[in-house]
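Here subunit A shows up in two complexes: once beside subunit B, once beside subunit C.
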Partner chain A sequence: MAPLRCWRCLPPASGALLSIRRIAAITTISTSTFQPFSTSCARNAYGKGAGDSKPRKGVHRVGGKSSPPSKKKKGIPPRLKVAPGDRRAFRKRITLSNINALPVHLETLDSKAFSSEQSVGKILALGNETLDKLRRANAFKPTQSWNMFRKPSTLVRRETVNLCSKMEKNAQENKFLRCIISGERVAGKSMVVLQALAHAYANDWIVVNIPDGGYFLSVYMLYIDSLEAGETTDRRQTLGYDLVISHLDYAPIPNSNLWSLPTTIQGLLRQISGNSDLSKHKVVKSYPNLFPNQSPNLTLHGLANSGSSNDSWAVWQALWTELTEVPGRPPILMCLDGFAHVMRMSKYRTKQFEPIHAHDLALIKTFCDLMAGKMVPVQGGAVIGALSMSNQPMVKSVEYAVQYKEAQQVLQLPEEELPKREPYCREYDERVDEVLREAEILKVGGINKKEARAIMEYWAASGMYRHKVDERRVTETWSLGGHGIIGEMERASLRNSRI
Partner chain B sequence: MVRHITTAASGAEREEVYPLPPLPALPDLDKFRLLSASLGNGSEVGPPAAEGDQRLSHPARPGIELPQTTRQAIAPILRNDEMPPRPNVVSALRGLSIQPRSVARSTQIPTPCCTLRRYSGIAQQPPEPPNNEDELLVTVTNPNKATVPRIIEDTARAVFLKQGLKFPPPVEQIKRKTHHHRERYDSVVDQMTKQIMRDGKLSKAQRHMAMVLNFLQTSPPPRTNPSKPLAPGSPRASHLPLDPTVYLQVAIDSVAPLIRVRSLKGMAGGGAALDVPFPLNIKQRRRTAIKWVLDIVNKKQSTVSGREMFAYRLSQEIINIVQGSSPVWTLRQNVHKLGTTARANLKAPALRKKGQQSQAF
Partner chain C sequence: MAGETVLNRARKATHSFPAGIWLSRSTVNFNTHTPGVMILGVGFHEHKLVKKALMKFYALGPTTAARMMAKYSIHETQRVGQLPAKIVTSLTGELSTMTLENDAKRVIQDNIARLKDMNSYRGRRHAMHLPVRGQRTRNQTETVRKFNKLFRTR
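Coming up: the complex of A and B.
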């Protein structure tokens, strides 16, 4: 007799990559095909009700009369069949245009706009090319108000200019900027990250963006599986969360303590090669593991697109070496939103079922090395980590570092007034402390009234805000929005009422 | 000297011609009395009209001249300055149509006006349609931004008079705007929010409502169905998404029933129940419509997930109402059909004896 199980579905030998998706497939097959014992036949023999003792049609009957087949109920509309993934797609969809809104003629973003002092308080439209790149990098979020206006436009605020001018200055001097963005909820932290990305794209930087969870559509089937198991996916919105909640395939990297996320890294490689013009840069060093017969004409674009998901980490390392160690390359920007999620133990486990620290995931390690200053690209650039206040895990070290840096750099308190660690607390993590020690902080707070007026005039010009925008109205909205917290201002005026 | 011209402005004098709006704005009563007093009963307020003058001049707005034919039309009905009789709901129900309201809308004058004219006994003759378009044009000297809307309003009033109405049709009084925090939202929005609310969680209901309005704001303009006409006076469909509150109000008011039919036990004699139509006020009408909408929405299967699940279904239903494809239209039609059948019962002797009729109307 032929074996019931397909040999290809069996797991490979130990040490090779074992995909979780493959495990799920195997489990499904095995549970449905090989059940040593089943009670379903006996249960189906009788009806559900207590008094219903008649055997059903088609079931083996011992004796007595057979009941007539039950009629189908009429008048009940058939249940809608929603294709797998449609519900999630609705939740995660990003609409960047509203045809009802009136078009507003605005200046388009150029390479100097976000770093120039004259732009503060202006609304700038994102150009089509930048828009495509940002979309490919998944920089937009479904909770932002892009779907209200005709064309994506953004307010240039003081914090934007501060950050982008610092980025520009560092890149000119071949220095590397290490920055954490903190601030209140809905204050616009993710928007500042988006503006930094747009600035980098406009200046032809190499950009790596680790966005919210929508980026990882490759884990789609696993989402569906977990939904059916009754789990909620609402809390998995940030990428940091996605990275560490153990639903991406992962594998140990040989001869190291690190773990690779092959599918994730492959996606990031595609993002980099799609958004940057890598084809004009040739590969300088040789990589015999990847290319036994390496062509001298191999470009970075060819390198980034080579290989499968299995050797994506090796390709990533090669590309990263080329980008950071060879002079003459464009500056690098790496951004990560939902920063606190990757500063703790992950949900991944080793073979011995011990939890893996998020810093042992190789991709996160790259980010941490940049942030800690262990790795400094020769051509300079920036690494930006943004906190998320709506979905933030409690990480003592991150909280302390942010408090300390805000007191030191924003408030500029004297040394003796700076916050101290809790002496009896054991939850501080040395690895996290080390990463955040040298980082700068950028506090994103409320916008001022001039900026508030600019954005409200833009709402009104788009037809989305149907009031006269005058001094009184601006001040009122600014006050209702907690002194210019832009998300709260939107709730108080643009979005009809609270959301 | 002011000239009455029939075409666009010409000649050395700069004069402008303002054509009448298709559906005139409803004037308020005080201004109307002012006009009627000065025109018909000798002027008590404002300067008197000159003897022998062929044209009437407006007392408060000397720039306006009313044509002679208008004066003749309004003269007989201005003699008696009294309030019209109270609108009779029995007759209103008689005018209630089972068919969609396209017929009612096709007339120039709204239905309550017809009722008034028919039963007040004042204006027996049907109004003549304006035979000369030129008479509806008003010549104005020195118009400015402040006077133009009022001039249009006054002219509209004159047209009402010409159409045989002694008084303007009844209008709902506009509520004075307050700054009380309980009245910060639109009345329909507020009512619907309260009906969405479950277990006293108003904040959650408000969140749903805000998401509904945002869906309406970002959805494409609806395609209206001519066989399911929207409430009279509603803006064009293409204008609705930019004002989601009006969008919602138009949808709810369009499917709100005029009446409800109560079944009075034992009133038909022999223990049989008597179906009697009762009129509803605007709040009750809206409440019924919202209840119908929410019933349908709650039964519908959701095709999406997340926090916008309910709001999405509700907004889709509201869009369906405006597009004429919602089953709520049938519910409304059924109630009106029942009311038409049951209106004969209003004259039932048992009802009259019990005083139910007076209580109802």
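Coming up: the complex of A and C.
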């Protein structure tokens, strides 16, 4: 039998008081440790001992009496049970600070930092206010390595500045940016989305973030922070688990082919009202179906908050009308990570048991209308859809659109060399093609060596990377990380040295 | 009574049914303290998935359950406790029109009895508790002995 504890964990034999039981345990372990062979297979073949003729579970037994169940041993405390949802909550927890890491003094993000050319290659800390807003918008992911550093900070890379400066320019000209973010796995696509969100928050935009496209289609992925809902009584509710699988209800919207996700929309309305300063803006149009006696002092904040008591889809429509059709409002940013999930048939069914296309879910239709250019907010803004390479469904139209746009916009190939559709493939979806036709593409690839050096120096200054950061080390890590794929660089150096 | 098993209690509780027909063990609610949500006279715990609750009824499988859920826009992870009373009533109304439980078992029994009455090969095989569809009988006929009976109970 293998020892249950490693030898280093055992107490020192000299100079310490050992109880008889502990000595016995050590003796037992030591004798069994030096067995030159293993008898476990033979012992497990039939029950616990040689005299026990009870066959193992799963072994076919023909006739005969089964032996009585063995009595439970007394004196052994029952194993503590993990409450439902705790394991998942532990797995999905997001830790944004590590008190064991050294603090690093960095510039804090301001409204211009992400769009300025001078910031490329710098590490910027996220301010407390932005941090709270990003957390409420579920912008952080458990797979990102925030839990290794004292304070959330982020590398400003070329792609960040390209995107944020475009957003800024479009907003100044009241135009709307429609952008898809593609790139290799762990290249930092979600991080660029987070930076776009942070930039929008720093510039007082209205922000709607949908952290995962699978959120709508997979019934297991809805993650709404229940703290916002004021539910702090139950520990599990505080962790947000009870809201995870229980509220993805759907309902047909009368007089249309669309379907509403009432509770999801309520969650997003809460997110918008909590994160953006909507109380400065008053409601201009009248909505008699929502408010029979509409107060002239009703603000957008009040409108968004009424989603919990009113029909949430009607409130969403009213808020969206106010935000997109009334001039003088702040620009809008809508982000959706893993957007390939919402470009296919959903798992929902109509009353006739036919699958519902994801674009027929009303909330996703809003995203698609923005992306396709059917809806253009008067004050401008941006809609960003990021692909996810670690969890991506096969959607032929999305694959083709991304390939085509990369060849056209990134590689700038001539017309005749652009990829063609497979002529006999029937899996292309016209609705998806229409949505992606006019979108721009932002390819997130590897970082350059200057940026790599900046991030590695930050790791070293935080005490998380215990090597001298010089040219040789940077080049080595950059090469090991597939020419600067930042997630691979982390895996090759930072996470590799974790104790 | 001390030492009384759950199955024995089920047998006693259903002794008034015709010979050979019991309520399936799964649909009988023994927990009298918390009846939960009643669907077609059967109490389900409020944490039970609607899909699982529907499939507890004999002769109602995954396809029918999925269709019923789609009809009332119930998503896959919805729990019985989250159903509005109106939908519970509708589900009960719809289930009451279906051939379920003892009715469904009777249909199966009638079918087997018909085969036996016409003295067909399949009927005789049922009566002899032997495989009906040409399987060999040398080994592995335990399931057959359980199920292939003239008065089938399961």
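In this text, the second predicted complex is superposed on the first by the 383 of 499 C-alpha atoms of A that agree within 3 Å, B and C clash if a C-alpha of one lies under 4 Å from a C-alpha of the other, contacts with A are read in each partner's own complex, and residues count from 1 in each chain.
Throughout what follows, a contact is a pair of C-beta atoms (placed from the backbone, for glycine too) under 8 Å apart; a residue touches a chain by one contact, two chains touch by 3 or more.
Because the structure is predicted, anything quoted here is derived from the model rather than measured.
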| Any idea whether subunit B or subunit C touches more of subunit A? | B
| Touching partner for A:Asn147 - first (subunit B), second (subunit C), both, neither | first
| field | Touching partner for A:Lys347 - first (subunit B), second (subunit C), both, neither | value | second
| message | For A:Ile99 in the superposed arrangement: first (subunit B), second (subunit C), both or neither? | response | first
| message | Looking at A:Gly85 after the superposition, I want to know if it touches subunit B, subunit C, both of them or none. Which is it: first, second, both, neither? | response | neither
| message | Per the contact definition in the header, classify A:Gly127: touching subunit B only (first), subunit C only (second), both, or neither. | response | neither
| request: Figure out whether A:Pro252 sits in contact with subunit B (first) or subunit C (second), or with both, or with neither. | output: second
| note | Overlap of the subunit B and subunit C interfaces on subunit A comprises residues none
| request: Would you mind writing out the residues of subunit C in touch with subunit A in their complex? | output: 66-67, 69-71, 73, 75-79, 82
| task | In the complex, go through subunit A and note every residue touching subunit C. | result | 219-220, 245-246, 248-252, 347-353
| said: Applying the document's contact rule, which stretches of subunit B touch subunit A when the two form their complex? | reply: 185, 203, 206-207, 209-211, 213-214, 217-221, 241-245, 301, 303-308, 312
| field | subunit B-facing residues of subunit A, complex | value | 79-80, 82, 86-88, 90-91, 95, 98-100, 147-148, 234, 463-464, 466, 495-499
